[in-house]
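Below, subunit A partners subunit B and then partners subunit C, in two separate complexes.
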Partner chain A sequence: MEAFADFWATYSTLIFTVGIHALLALSLWLTLSCGLLSLANAAFMGIGAYTAALLTLHLHWPFPMVLVAGALAPAAVALVIGAPTLRLSGVYLAMATLAFGEVTRILVLNLEITGGPEGLNGIPLLTTWWHILLILAAAGFALARLRRSRMGRAFEAIREDEVAARMMGIDVEGHKLAAFTLGAILAGLAGALNAHSTFFISPREYGFENAVDILTMTILGGISSLIGPVLGATILTLLPELLRFLHAYRLAVNGLILIGVVLFLPTGLWDSRRLRQLVGAWRTRREGKP
Partner chain B sequence: MSMLSIRGVGKHFGGLQVLQDVNIEVPGGAIFALIGPNGAGKTTVFNLVTGLLRPSSGSISFQGQDLAGIAPHRITRLGIARTFQNIRLFPDMTLLQNVMVGRHHLTSYNGVAALFALPSFREAERRSRERALELLSWVKLDHKAEATADNLSYGEQRKLEFARALATEPKLLLLDEPVAGMNSSEKAVLMEEIRNIRDRGYGVFLIEHDMRFVMNLCDRVAVLNFGRIIAEGAPEEIRNSPEVIEAYLGRGDEAEVLP
Partner chain C sequence: MLEQQLVNALTLGSVYALFSLGFTLVFGVLEVINLSHGAMFMAGSFAALTVVTRLKAPLAVGILAAMLVSGLLGLAIDALILKRLRARHAPHLIPMIATIGATTVLTSAAQGLFGVEVQRFPDELLPTREFIFGSVHVRALELAIVGIAFLLMTTLFLVLRHTRQGRALRAIAESPKAAALLGINVEGLFLATSFTAAALGGVAGLLIGLNFNSVTPLMGQPILHKGIAVVILGGMGDIRGALFGGLFLGFAEVLSKAYLSSQMGDAVAFGLLFLILLVRPAGLFGRVLERKA
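The block that comes next holds the complex of A and B.
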């Protein structure tokens, strides 16, 4: 029991981070599942974090309501900026959402209410492990159900061939906006949870690097199923810690591992189709040998 | 009374005039073909009808309703479905899922029902799946329902595209070169499928190069050359029209060989 207490004292922050990163990776998975390469999710996370922190600090809202507001604020922003930007596709959408992220960061950096470059201090530590676990499980469940519904099929169809999807009677623009907004809700939740587990937030935490980190986690894990993003988030969060013994070289090795994965497993670590084939091949080989 | 009316339609891309004063009346419950040499503007006609492009002039109406300014997915919901010259399936989805995508607007339930698999969700999904399987059986692909679309042969992909288009429950089916790249036995099979579709009450509007295929199959034919309709009538009339022979048949092999 004491050993567990020691372990928890040392690693609870890391475990919280894994959970929040997993939620972020799922938020981007949702956006990517509709074929949208968006780099806005870090900014949505930031909007969620700041909204939640300000409501707690100034208005003393109860935590569940703070979480709801932290999810809805970026969703409202996503609805507004989605309409013009989602006409773009591929790298052009990536560039537009990247610009949105920078605008958001600079806005937060210069506003008075957000504390400018110093950020917000003294946010009460309201996030507990079960908040993260519950929200992560709920998000995973909802996304798993979504995949099996007409909306999930429409997202997949749009990702595979937008024109054909349109010709099947699917409202492509509406679905893209839905994917973008639902992704913003998950990212906002991750932000609100993050703000209340770190005591302090600043604009630096929601910039370009974080947008790329989220993308890397999701792609590394693979987007063919929901397991991939969670796996990618876990690995990318734990890897720098596990490589701590390398001291100054750890980020370099971290990068090399990433390059290796992208080169040799371009569909990500968890590719359900490849895994099925591997299992199938293994079974036939075993049955072939008497 | 015609089902689809294309009246005085012109289309230009910048200075390039692709279609000029095109008038086509497509009847319901029949097979209507639009033929013409490569680059005559046939696929552009389909893109205008389905709303992917907007006409520069003229009007298009379907069952009396003007299609100007209607979004493509709404045109599909009015009852026009199409296939593509260069097959556009959803390659990583199963055959069943491909066809079920076509049933998108006909499958309705709310988010809560989907989230908790409530009876309304299960019932709507079951009906959608059954209809999808029925359509797959029409084109004899039901035994492969769970395979992914990229595992199909070329001819099978065409047939899956048919089934997927029919899943939107259209009144008019637009087929863009349905037998392109097929051998003669595959063509015969597909011709039979198209007749079956017409006999089930659908209107069929198709674009084709293969003259023999068109003459054997179609009830009415229009000929497009350099963006203009040069002849329209029953297959025998077209076969004997000197203008058509000069513009289209007279060019012999080279028109047939080019993709």
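The block that comes next holds the complex of A and C.
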């Protein structure tokens, strides 16, 4: 038991981070599942984190309410900016969401209430491991249900071919907005949990680099199933810890992984179809059939 | 005072234009949002700094080093990564994500090689003369920056307009397939474009490094965002648009910093960018292109 306590004292922060990153990767998975490449999810996380932290610090709301508010605030923002932004497609959408992220970061950096560049300090540590686990499990369950629902299939149809989806009578704009907003809710939740597990937040944690990190995790894991993003988040969070001996060069490994995946594993690490084929091939060989 | 701010704005704007020119060139020809362009900018600055401080070479050699090192890096990224993705006909976002990876690698390498602290050019190397026009002080350095930026941009315009290669390049920008059918060496020109664009980015990096006398591994990130703003302002792939967009952003930024709020200057640029994307996705000056991607 003591060994476990030691382990927990050393690694709890890391484990928290894995969970929060997994939640973020799932939030991007949701937007990507509708074919939208959004670089706004880091900003949504930031909005959630700041909303939650301010409510706790100034109004002393109970934690569950804080979490709900942290999820809803970015969702409201996503609804407002989504309607005009989501008319853009492909790279234009990526650029617009990038610009939105930058505006958000600079605003947070300069506003009085957000504490400027120093950020917010002394946020009580209310997040526990089971909060993260529960929310992650609930999100995973909800997304798994969503995939098989009418809405999930509509997302997939839009991703594959927008014109064809429209011809089938799918409300393309409405579904895109839904995917974008639901993604913002998950990102906001991750932000609220993060703010209450790190004691301190600053604008630096929600910039372009973080948007890229979330993207890398999701792409690395692969978007063909829900396991992919979680796997990607876990690997990319733990890897820098394992690579400490590389010092300044350790981020280069992340970059190389991203390039390698794009070049050699376009569907990501966890591709359910490829896995099924592998398992199938292995079984056939073992049973000695042709 | 206004005149002095205008000089600053012109200096900054011409470097933004130079940087964005390479960025937009790659988009126009290769149809890739090359997010490693900021890393080229950083690499050029470090290449020149190394040549100037370690080898005691004159600044002119530093400029050549910046062009060469950044150009070769751009070439390498194209040959090793983008070329394979082209062969596979990967959708537009895939090469963009790959260039993010390349940026991470290069930035991290620079942090490992040069450390994270701000590095400076030795003072004795920088031109110190100042010209005084009425109440305006213009540093010789600023004149040189504007001069070099415009010299390179004019050269690029002339090459694109009047040479065989330039015409071939414009043909590729219209349609790579048709260009290939006409016997144009499309792959070769793709590589040449990547080299040229990265070389321009490298010089822009050196010029900004000199202007503020500060070189850091992370200097590529903010300029990349501004380059994106400029290119969207001017229309993606539009060469003239990049020139005007760059100058416009330089003026908008310097003036809003001087007269509105010193910190909000950057927000103005991105707020503008965001609005323009919503109203005119093809850019302020751009023709209304069919939306690709």
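Assume the second predicted complex is superposed on the first by the 283 of 290 C-alpha atoms of A that agree within 3 Å, B and C clash if a C-alpha of one lies under 4 Å from a C-alpha of the other, contacts with A are read in each partner's own complex, and residues count from 1 in each chain.
Basically, contacts are C-beta pairs under 8 Å (C-beta built on N, C-alpha and C of every residue); 3 or more make two chains touch, one makes a residue touch a chain.
Please read all numbers here as calculations on a predicted model, not as lab measurements.
With subunit A as the common reference, subunit B sits beside subunit C without any clash. Of the two partner chains placed around the shared chain by superposition, subunit C is the only one that A:84 touches, whereas subunit B remains out of contact. When the shared chain is aligned, no partner comes close enough to touch A:12: not subunit B, not subunit C. Contacts of A:249 after superposition: subunit C is touched, whereas subunit B is not reached.
Subunit A is touched at more residues by one of its partners, and among subunit B and subunit C that partner is C. In the superposition on chain A, A:164 contacts subunit B only, with no contact to subunit C.
When both complexes are overlaid on chain A, the residue A:151 reaches subunit B alone and has no touch with subunit C.
Shared-chain residue A:102: touches subunit C; no touch with subunit B. Put simply, the nearest alpha carbons of subunit B and subunit C end up 12 Å apart when the two models share chain A.
Overlaid on A, the two complexes show subunit B and subunit C touching no common residue of subunit A. The touching residues of subunit C, when paired with subunit A in their complex, are 33, 81, 84-85, 88, 90, 92-94, 96-98, 100-109, 111-112, 115-116, 221, 225, 228-229, 232, 236, 261, 263-264, 266-267, 270-271, 273-274, 277-278, 281, 291-293. By the touch criterion stated above, subunit B contacts subunit A in their complex at residues 50, 52, 71-73, 76-77, 81-82, 84, 88-93, 97, 100-102, 104-105, 107, 109, 114-117, 121, 128, 164-165, 167-168. Across the interface of their complex, subunit B is touched by residues 142, 145-146, 148-151, 153-154, 156-157, 160-161, 163-172, 273 of subunit A. Remark: subunit A residues 37, 84-85, 87-92, 94-96, 98-100, 102-103, 106-107, 109-110, 208-209, 212, 215-216, 219, 247-252, 254-259, 262-263, 266 touch subunit C in the complex.
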